[in-house]
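You will see chain A twice below: alongside chain B first, and alongside chain C after that.
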Partner chain A sequence: MHEKIYPIGPQHPSLKEPLFLKLHVDGSYITKAEFNLGYAHRGVEKCAEGYFLDTALHAVQRTCGICSQCHSMAFLNAVEPMTEAKVPDKVYLQRLITAELERMHSHMLWGGVMAHEIGLETLFMYYWREREHILDVFDELTGNRVHHSPDLLGTAKRAFNKKNLDMVLEKLDLIEHEIKDLKEVMRSHGVITSRFKKHGKIPKKMAKELGLVGPVARSSGINYDVRQNAPYMAYRMKELKVKPVIRTGGDAWERTMARCDEIFESMRLVRKACEMIDPKEDVPKRKNLFAKGTLGRGRSEAPRGENFHFVAVENNRILRLKLRTPTLANVICYSKIMEGEDITDVPVILMSLDPCISCMERVAVIRNGKQEVWNSHELFEGRKHD
Partner chain B sequence: MIEIFYAALLIPLALVFEGVRRRLVARMHNRVGPPLLQPFYDIMKLFSKETTPRKNIVFNLVPYLALLCSLAMILIVPFSVLGFDYDFIVLGYIFILQDTFYIFGAVASRSPFGMLASVRELLLMLGYEITFLIVLALFFHSTGLLGFQEYNAELAFTKLPFASLFLLFTAFVILRITPYDVMIAEPEISAGFFSEYSGRSLALLEIAEFIKDLVIYLLLGFLIVGKAYALLLAPLFMLFYMVMLTSSPRYSTVVTVKTFLFLALLAFADIFILV
Partner chain C sequence: MIKIANSIKKIKADRLISITSIKQGKKNTLYYHFSFNKKAEIREFSIEVPKGEEVESLIGVFQNALLLEAEATELFGIKFKGNSYSGKRLFQNEGKKVPKICSVTESFRVRKNA
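Right, the complex of A and B next:
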């Protein structure tokens, strides 16, 4: 039959960020899917180069609007061992609370967008209303609703007091019941299940071969969570051991349920951490720390999967910073799982992977329509050697 | 004199209905919602905007034709205005004609989103337009009359329960209410038929859609309960459909098309039971 090309993006109502999906369709079934990236350029890596470690931290925290604390944790995992900073448990627990609250609000945001993709605006509004409570908590804890940057090298900007912790617990009690209801809607609504089940299937083998991370991999049956496999900061503590949500099946429905369950796991961790934290203790004053090592790498589990940071330091300044966000690991499976699906299901499949395109984008060099490969020295100098 | 006054009020009435509808949906979403007169502001703004010129005559004419169809509908439902009166068969034709104009406009625009919306609409028309015509015929058959203004059945749903049910069902597609609104599914096909329209053309199309929605709300009361209650019941029908809109996501295209083809078969069966 006559084959047509159906474009989704770079600007399209189902995409919140620029991405170009070129779908070859036969009737309304997809025979081949290609995707193209590079519509948003983020210069975080270049921006951090040449700065002191604590100054670079500010740039790193602004990589993502949703998981800014997780980026900061990955960077600190790379840098703090170099400086041999002694970080008290209270700071670690504070970081955990912010990171887990972030995971909750990220999954709620995603749940709303997922409902919007199938035309259920009401659920979208309800999810986002509950999410507002968590943003209020961020406002109370750190002073900022979105780009809350509470970290400093080896310490935190301020210590959480009793009033803060009470507010966290109060808000969690407030939203827990609502989120349970919303999850029940997602689980039991006949039309939602008919749209989600059996679409965008990622078998365990494919997930392993492509190296997928985060809830996408975990819902395909892969037991991998950085918080569990390579515990860092407060996750090392015995009481705060993470039980990752593992599901089998790997379709859009399983990913939905996995994320809904992860909200409750995060809630448990936040409650536990609030119990363990000492509200009267103060955090240490900010000190000028000097890096003794030269290379560092750090990982953290962001809401979408594993964050990886590689840092090279020279004379206490950043020489090279490399970030790998979870979307870069997951984006690779788009063209494979789209094949054979109906166009109706494309937004559902796309959103079920929870892409965060703008965090992932780094450099796009377009010259004479040819592809070029730059090595790190060329990137550092900003021009291509001939 | 009263008739001219009434006819002049019809378009503002449709816009106010849309304003109320938006407020209603907003309250169900737990939002405040736009002002009641927001549709007026929208239309006024669209008229002041630039209209992208096209060389395609069909593309340029479709908004006017669609608006004409809508006006032709509202001038007989529920009251005959300015001497307009014709058979229910003509009303059925006008409904089909308007959808056909949308499809022409979308295909002429050559937008892939418009094309896909047209394909979906064509597939669905096989199901719901046939059902709609059969149901109209059944209601008028029960009174033994053809003309629209002579229709005098009261509480027709007691005599024709299945036909009333089918009519309520087809209204989902005609009003583009979830779960059966694949032809305007925003996350998949952007704005569907209207993807390439802008400025004045878009304003005319929007007015046509608002009037058509009002006609459907009026027609439901008119046919199912009685002529006298049409205006009274229109807000209630709107409330019912808005509850459906806010409480259900949309089915995929395949399920929707299958449902409405099955509905057309049931409607045929209904004829044989009655005749």
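Right, the complex of A and C next:
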């Protein structure tokens, strides 16, 4: 049989975000897979350059619509120790609540998209119906359904009151039963098990060698979760110790189940944080804080894995901001796990990795109100003239 | 750097977290971040890269250096010996003209008419 090349993307029904996959196929079996990136430049790193820390935070919070709070936490982890910010526990707890709700919302969104990929449209709608409740909570807590942006340097934009916290708990009670049912469907549905099990397998050794992160690594048996291994903010508190979901199979099925279980762990953390938070306490007012150091490093556990932010500061302004999103760490395994699979399983394998391409690619320039998308040559030349 | 990377690998460092390039004037500095032990402590190493000089790639030691190095190549022109992806793209290929995007006022006009 002759080998043929089958292109998928950058625009394709099985892809929610632009990514180009070049599959070498023999019959319907993939012999080699290559990927090309570069179709969704965003510009967050460049946007932040030259700005004060609190201004740059606005850009950072808009890196991703789903894990907005997690990016904000990674940036604040890098920057707050450089300043004299004294952050009260209430602010930390508020950040945790938003971050864990984000994780639930992200996994539910993913569950819906995954169901859609294999043709289970009803399951897709059920997942997204439950997700709407979380978005309502975001609206109540932060004023935004997406890009919540609740943080300020050393404090928060507003304090959660009793009404807010009651709503969070009420909504969690409302969706918990439904989410359990949906997990059971995921676990027992014949179509799901037959299409997910033993496909897209990532052995533990490969996951370790490639430096994978998040549920993708944890479902291959790697016990690494930033919240557990290097706790930050409210995760340092004894009551909020995280129990990461570790599975050993490493295939699409294990990744699916890992995410389903993580929703319940997040629920537990949110409930506990709601108990611990004092609804009458106010948050400190915004202060102008100045950086004393020059380099800062921060991490957070986003729904897709470890976020890493590296910040270089000069004269209290951002000289360089580097975001290493979880998808950039995980994208390296895409070509390896496709090899030997059937071409019909590609959408399932891709979605089981839960890629966030727009989060990963981030170079565009907005100057004087006009948007310019630069190619690599222009980008490099532009840098030269800076 | 490759010697450092090899010694890091020997002491069972978890992984390479990130490679960042920072340009100050004519000087480029590469920052390597590694994760160590169960507490996942971050260790940072930096090297200065004189203009036009090549840096040894870490792919042989840490495979995930592939895209991180490619990004430094495309954004800052730093070349890495032995990185096959370096010179391919994370961003759009050179020479492809990007279609002109309409200005903000034009896009509003279109919406109004619609």
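Just so we're on the same page, the second predicted complex is superposed on the first by the 362 of 386 C-alpha atoms of A that agree within 3 Å, B and C clash if a C-alpha of one lies under 4 Å from a C-alpha of the other, contacts with A are read in each partner's own complex, and residues count from 1 in each chain.
Rule of thumb we're sticking to: a residue touches a chain if its C-beta (ideal position, glycine included) is under 8 Å from a C-beta of that chain, and two chains touch if they have at least 3 such contacts.
Just so it is clear, the structure is predicted and the values come from calculations on it, not from any experiment.
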> Looking at the overlay, does A:Phe310 come into contact with chain B only (first), chain C only (second), both, or neither?
Replying inline: second
>> According to the stated criteria, A:Met186 is in contact with first (chain B), second (chain C), both, or neither; which is it?
In response: neither
>> Let me test your reading of the model: by the given contact rule, A:Ile332 touches which partner, first (chain B), second (chain C), both or neither?
In response: second
> Which touches a greater number of chain A residues, chain B or chain C?
Replying inline: C
>> Just checking: does A:Leu172 make contact with chain B only, chain C only, both, or neither of them? Give me first, second, both or neither.
In response: neither
>> Between chain B and chain C, whom does A:Glu209 touch in the aligned arrangement: first, second, both, or neither?
In response: second
> Along chain A, where are the residues that touch chain C in the complex?
Replying inline: 36-39, 41, 208-211, 224, 226, 229-230, 295, 297, 299, 306, 308, 310, 312, 314, 319-320, 322, 324, 328-329, 331-332, 361, 363, 369-377, 379-380, 383
> Which residues of chain A touch chain B in the complex?
Replying inline: 4-7, 12-14, 28, 115-123, 125-126, 129, 189, 191-192, 194-195, 342-347
>> Can you tell me which positions in chain C touch chain A when the two form their complex?
In response: 14-18, 20, 22-24, 31, 33, 38-42, 44, 62-64, 66-68, 74-77, 88-96, 98, 101, 103-104
>> Looking at the complex, which residues from chain B come into contact with chain A?
In response: 25, 28-31, 112, 116, 119, 178-179, 181-182, 185-188, 190, 246-255
